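Taking it in order: structure first as structure tokens, then the write-up.
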Amino acid sequence: MSPQLLMLSCLCLPLVGGGMLLLAHRRPRLRELILVLTAALSFTSALALLLQFREGNLLRLDLLTLLPGLDLMFEIEPLGALFAVLASGLWLPTSLYAIGYLRARKEEHQTRFHFWFCVAISATMGIAMAGNLLTLFVFYEVLTLSTYPLVTHIGNRGAVRGGRVYLGVLLATSIGLLLPAMLWTLHVAGTLQFTAGGILEGKLAPALAGLLLLMFVLGVGKAAVMPMHRWLPAAMVAPTPVSALLHAVAVVKAGVFTITKVVVYIFGTGFLGTVPAQRYLVYLAGFTVIAASVVALRQDNIKRLLAYSTISQLSYIVMATLALAPLALTGAGLHMVAHAFGKITLFFAAGAIYVAAHRTQVSELDGMGRRMPWTMAAFAIGALTMIGVPPSAGFVSKWFIIAGAYQADLYFVLAVIVLSTALNAFYMLPILHRAFFRAPEGRAHGEAPWPMRVALVSTAAASVLMFFFHAPILALTRSLTGAAP
Amino acid sequence: MTDLVWPPALLMLIGALLISVLRGRWQALLILATPLCTLWAIWQLGDGVLQSAPFLGYSLELVEADRVRRLFATIFALMAFAGGLYALRQASWYELSAAYAYAGGAIGVCFAGDLISFFLFWELMALCSTLVIWSAGGDAARRAGLRYAALHLLGGVLLKLGIVGLILHSGSIDLRPLVLAGWDSWLILLGILINAAAPPLAAWISDAYPEASPSGSVFLSAFTTKAAVLALILMFPGTQLLIVVGLVMIFYGIIYALLENDMRRILAYSIVNQVGFMLVGIGIGTEMALNGAAAHAFAHIIYKGLLFMTAGAVLMQTGKRRCSELGGLYQSMPLTTICAIVGALAISSFPFTSGFISKSMIAQGAADQHLALVWYLLTAASAGVFLHAGIKFPWFVFFQKDSGMRPAEPPWNMRAAMLLMAFACIAIGCAPSALYALLPYPVAYVPYTAGHVITQLQLLLFAGLAFFVMLPWMKRTLTISLDADWLYRVLVPALLHAWLRLWRHIDDAIDGALGRLSTLWQRLVVAPHRPSGWIVASWTTGAMALGVLLALALLIWRHLI
Amino acid sequence: MREHLPILLVVLPMLAAPICSMLPRGRQAWLLATAVSWAVLAIAASLLIRVHAEGTISYALGGWPAPIGIEYRLDGLNALVQVLVAAIAACVLPFSGRSVQDEIDADRQPGFFALLLLLITGLLGIVATGDVFNVFVFLEISSLATYGLIAFGRDRRALLAAYRYLVLGSIGATLYLIGIGLLYALTGTLNMQDLAARLPAVADTRTAQTAITLVMVGLGIKMALFPLHLWLPNAYRFAPSAISAFLPATATKVAIYLMLRFVFDIFGVGFAFGRLELNEVLLALAAAAMLSASLAAMQQRDVKGILAYSSVAQVGYIVLGAALATPIGLTASLLHLFNHALMKGALFMAMGCVMLRVGRTDLDAIRGLGRRMPWTAAAFVVAGLSLIGVPLTAGFISKWYLVLAALEAGWWPLVILILVASLMALIYVWRVVALAYFAPNESQRREEAPLSMLVPLWLLVLANIWFGIDTRLSVAMAESGMRVLMAGPP
Amino acid sequence: MSQPEPTKPQTLHWLQQPATIRRLWWLFAGILLLTIAAEFLVELHPHFGADGWTAFYAIFGFLSCVVMVVVAKLIGYVLKRREDYYERD
């Protein structure tokens, strides 16, 4: 298959699958088969794309030109290929999980749910492959809008309120800050094309560049850098499959991915190094890492705790990206993957507990490790990933972030890492203790349905496997920094 | 060559894994066989790098052996065996499994030829030891274990920072003697010293070890601190700073142990004290001193394990842990009492016990280097060890006033383990050459000269005299003593609370201001645009017309005037 | 025949109107009107093509040459506006068949269609003529027809709305008339080109300046420029569905065209904007319109009310671009004039469908619309996205140009203004969409509008998407119109 | 040992009988003297001078222990807290 066709299929397969789902509305089994097949095919094509990319093919697809100089076009670069494979790869277990979850919960509107999920994945693919800022922006907004029905899926008052915060923050930041930043960039640079080495060098005074960067970092609300983080806890009203894939992987990673793309391909790390204000953004991200962890310490609701943990971990990536050192960028890329594996596992486990035991609070988890050994073992691996302890993927990524901080002489980052490791341990470990070292309470129950279990075990395994076999991902993220000297 | 190697740590880890799966007789067999197989594997290793693997873009040296590494691995494996025997019937499968994985981590550290694999095993130890503590069950163990884990992960990340920095700056991942220069080597030293329980970061040891189960504390006493000692031998031999740190640890341990009432906390502080001796040896850094440090670590693991075993036996049989509640147990637990006394004599380096032949080497090392102050302090400390551990522990637990309790001796496997250890203490003390043969450097030291024996006896016995003379001053009180853990148990939470309160105030203030602003906005801007507001509401036709004319007048006036 | 097309365009609907009113059945009147509208569209399109091929067409009415007779003059600008009016008419008329049947008594239907044809006549005439008094005549024709058409509304408040519009519209027309009267007194001509030639000589007189002010205020009322828009919301809200769909897409647009013609072609930018600084007034009013009307739209409880206020805000956008008086600003303005007609037409048509099936258009009527009328609701969503200015829709293109124009002129605050207003648009559109799709509704019955309404509706919706993706045609048209204006007075 | 004997005399272990204790004290004193006496029979290898003095180890061991106990006592006044110190909120 030609690379262009492959890119198109990455983009359109989920949409086509979504359409077929709608047609199979009345036949749940067929519908679910289509869903899983679509996810598998998407993953395959993303993987094929990645292989094509590694062979050194130029992967570029001009979709259409809105106005002269204003195109929708796609181009694959290392980080994007990684993101595409990550999102579609995790979609496969998530779709299994979602099927189990929705069935066990006897949710209404399952077809609608799956359909919007497909749209969101398609938008994520668009973001991953975007070749210029406009394309990225377009799919960024599509992702926001297409996840709204998922967030408010339950449809009660709380869900609508959470959904309003979700949509409000994400749209307000993207239209209020990201779009002006994009316009400014276009005005200054005359193009929005992602270019190795950036497009702004020599065209913008450093002080103004700092302002522009601030607009980008805060405008990408999906990266949840404080104070733009409120939407993430609010989005926890969503059904757990949504929290798992979208609010631990696709949506939030789209945020940090956007920031990374902007830093590497719009500003260029070389140019950004001359921008003094850039350091303050590192401090802001570092502050978010710590502050969100402190808030997480005080959460009793599992999903809210995980949401704050996500905020903290996202800022790790932002912080690493803004450190501008090659190794830190490698670390940022690796952490995107590592955190994805870990956090999706944690959310899967939280959802499994909810389905099997109807429990949502940390304080209700006594003895859960005996009742749901698979689930809690996966949860433990996810927790270790968050802390960054071997043998989990988090170790590998933090290793490179630390190395990058040394490279950039950013001792602040090192201090943040030290502090946050201790804090992460403090909010993650008590959960594990509860689950494994206390006697169970309440009525007896078993594990969640098998599709959910398969999903969470496979993502947990992925986290451990990435600890041992990270060479391909490492090579890919390394080539990212090759593109940005 | 490389493909024939059985990595000892791997054997231990596999054993740990299988223990968690198997039950009953097979499990018991495995518990006893695993350390022995590991021991066998340890002695199959020749010197040099024996196994490597690619990781993070480097080539890790997973197994590298030499004399000192083998020595530590040997004692770790032996200790795992003794601990396994001691815990055979009483401990839960998960405690045993965690403890064996913990031992595997320690053995892995012994043979780690590079900084990265060293760190990986180091973290494994931190995690598994936390599980060992938690296995005791109960709230106190939960909190102590959590603090323990957080502190060790913190130490781990400091170590990680140091290692990454060192690798980045030097370009080599080799584990080798370092010079204290630059952030990275300091961070590495700091990370290791946390595990070595150097004050002020020593409080974790007296905080966590006494909360573990009887068998758990036996395991804990052996690995973490001694692995740190090995790391210091490998990376910081001859670093003078360590002499100072070691001396501080020695006296810190003595003073706190004297103040303490909980029997296992006394033993925990005495670990700090003993590791202090080893650090002094490493700091002196001569062959004699390093030999002494290594030998002392070897001997110490045995007698400290023994002491914790006896304390664990008492705890298990009486359920009591405070000195003030114990006493007179020698009447019904004679064997345990004798073992405790052997251990106590060994730790005090009484002649014909293991401590005598190892600790003397360190003192000799100081004397050889003409470090007078160090030598005097070490001598005073020797007396102090007898005071706080050698007499205090057996006296308050087994003798003093009769508590009236008449507990039975512990089960056979525990007795067997204690006897084994007691035998080892005396055997090494009587026939030191076997241990000397294992030491990293050739030994030309004769511990048993008449003068040395007599002066040592003088020192210790007069210390004993001081103990009984000063006994009224050491009345046990129902107290604990503040340690550096006050910082993170009281101060940090208090600061955190204060910060959160402040944060809430700021939040409230912002919310209030935003609320007022939004009210104002609503009233002045939004309300007029409601369907009933004055801007939107249906105007009368006349008003509209008037408005138009006014606008017109305004415009014309603007142009013409 | 070919050279008479310019006049035929205006005369055809004028002649059809009386015939229509005499037809016995509403159905027949509708058929005739529809046929006429299609014919008009064909003529307008052919004229546009001819203008592009051959340049400006000048047609002397009755053979009398310009200064004495009335000249119809078609250039790149007004040929485009004519096509726009004709196209909207050609879409609305088929659409109106069902809705008029439903909303208006059978015996009054022929009259309705007759008035509608007159309205078309008036609008086309205003655009086509090159004579300022003739403009007045057509303005009155269209206005009177509009008053009548609004009064056809089923709601009793329609009458009041029509009356208010009548009063204000008349004031506007009067001011305009006085203005051109003064100009005539000064220059002795009513022909636009002659006026433009002779005005500079008398520009310094107070009379000329007063005349300009009068004309501008008069037109301001017709185009509903804030704060002269007060007549508009109720007029749009209570008018019959077909008229609500037709008016915002055409009537205000034609008034705006007229203003552009006066400012750029007759008075000249240097005079109107440079000397009199009308651009500052226009900018201020445009900004106020965008903010105030959007704010009002956000709080309306009737969807047609929301759309009406949104129209006022959109007039602000269009005026904003023009007031920048740069090539790209004018292009943006004309593009938005065109695109807004497409989106607002579609939105009001969707509400026409709702009116037909539910009988009301308040927010409650929208609940669960996504299930009951999926096609209508989807059309509303797409057109709504266009209104917000989401990429891949026509709205994005014109707003993009507007932002570029503001950037190019160095007016940063305007960029923020545009974005804020877009955000507000997002909010008021979202309120409707959220109700349509996410609000539970007991009745899940499917009651989709008939095909005769859906097809025109979706034609406009697809046009929104088409001109959002393939921008060559629309941008070229707007640029040719821009060039006419930028050329200034001869 | 000056501790009172609360338990019934007939159950007293022989080690707890005051006579035994007295005898033990005498024995202990004897051994102490013996170790000092033995010093004169063997050759010592002093390193630093002071350690060659007669009964140096005895005096040094005794005094350093007394000092440590006193220091511990003094520090105890500052550092000792009730056992439930950390559990209180």
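Per-chain residue numbering starts at 1, and chain names A, B, C and D are given in the order in which the chains are listed.
Methods note: contacts are C-beta pairs under 8 Å (C-beta built on N, C-alpha and C of every residue); 3 or more make two chains touch, one makes a residue touch a chain.
Please read these numbers as outputs of a predicted model, since none were measured by experiment.
*Asks:* Report which interface contains more C-beta contacts, comparing A-B against A-C.
*Replies:* Top pair by contacting C-beta pairs is A-B.
*Asks:* Just how far, in Å, is the C-alpha centre of subunit B from the one of subunit A?
*Replies:* 37
*Asks:* CA centre of subunit A versus CA centre of subunit C: separation in Å?
*Replies:* Result: the chain centres lie 46 Å from each other.
*Asks:* Quick one: subunit C and subunit D, Cα centre-to-centre, how many Å?
*Replies:* Taking the average C-alpha coordinate of subunit C and of subunit D, the gap between them is 107 Å.
*Asks:* What whole-number Å value describes the gap between the mean CA coordinates of subunit B and subunit C?
*Replies:* Once rounded, the distance between the two centres reads 80 Å.
*Asks:* Tell me, which residues of subunit C touch at least two other chains?
*Replies:* none
*Asks:* Got the subunit B residues that touch at least 2 other chains?
*Replies:* If we look for residues of subunit B contacting two or more partner chains, we find none.
*Asks:* Looking only at which chains touch which, which shape fits best: line, ring, star, complete or other?
*Replies:* other
*Asks:* Pairwise, which chains touch?
*Replies:* Touching chain pairs, listed by label, come out as A-B, A-C, B-C, B-D.
*Asks:* Quick one: which bits of subunit C touch subunit A in the complex? Just the residue numbers, please.
*Replies:* 390-392, 396-397, 400-401, 403, 407, 415-416, 419-420, 422-423, 426, 430, 437-438, 440, 468-471, 475
*Asks:* Could you pull out which subunit C residues touch subunit B in their complex?
*Replies:* 163-164, 167-168, 171-172, 175, 206, 209-210, 213-214, 216-217, 221, 227-228, 230-231, 233-234, 276, 281, 292, 295-296, 298-301, 305, 309
*Asks:* Which residues of subunit A touch subunit C once you look at their complex with the stated criterion?
*Replies:* Residue positions touching the partner: 64, 66-67, 70, 72, 134, 137-138, 141, 149, 152, 155, 160, 167, 171-172, 175-176, 179-180, 183, 187.
*Asks:* Enumerate the contact residues on subunit D facing subunit B in the complex.
*Replies:* That would be residues 3, 6-7, 13, 15-16, 28, 31-32, 35-36, 38-39, 41-45, 47-48, 50-51, 55-66, 68-73, 75-76, 79-83, 85-86 of subunit D.
*Asks:* Once bound in the complex, which stretches of subunit B touch subunit C?
*Replies:* On the subunit B side, the touching residues are 525-526, 529-531, 535-536, 538-539, 541, 544-545, 547-549, 551-552, 555-556, 559-560.
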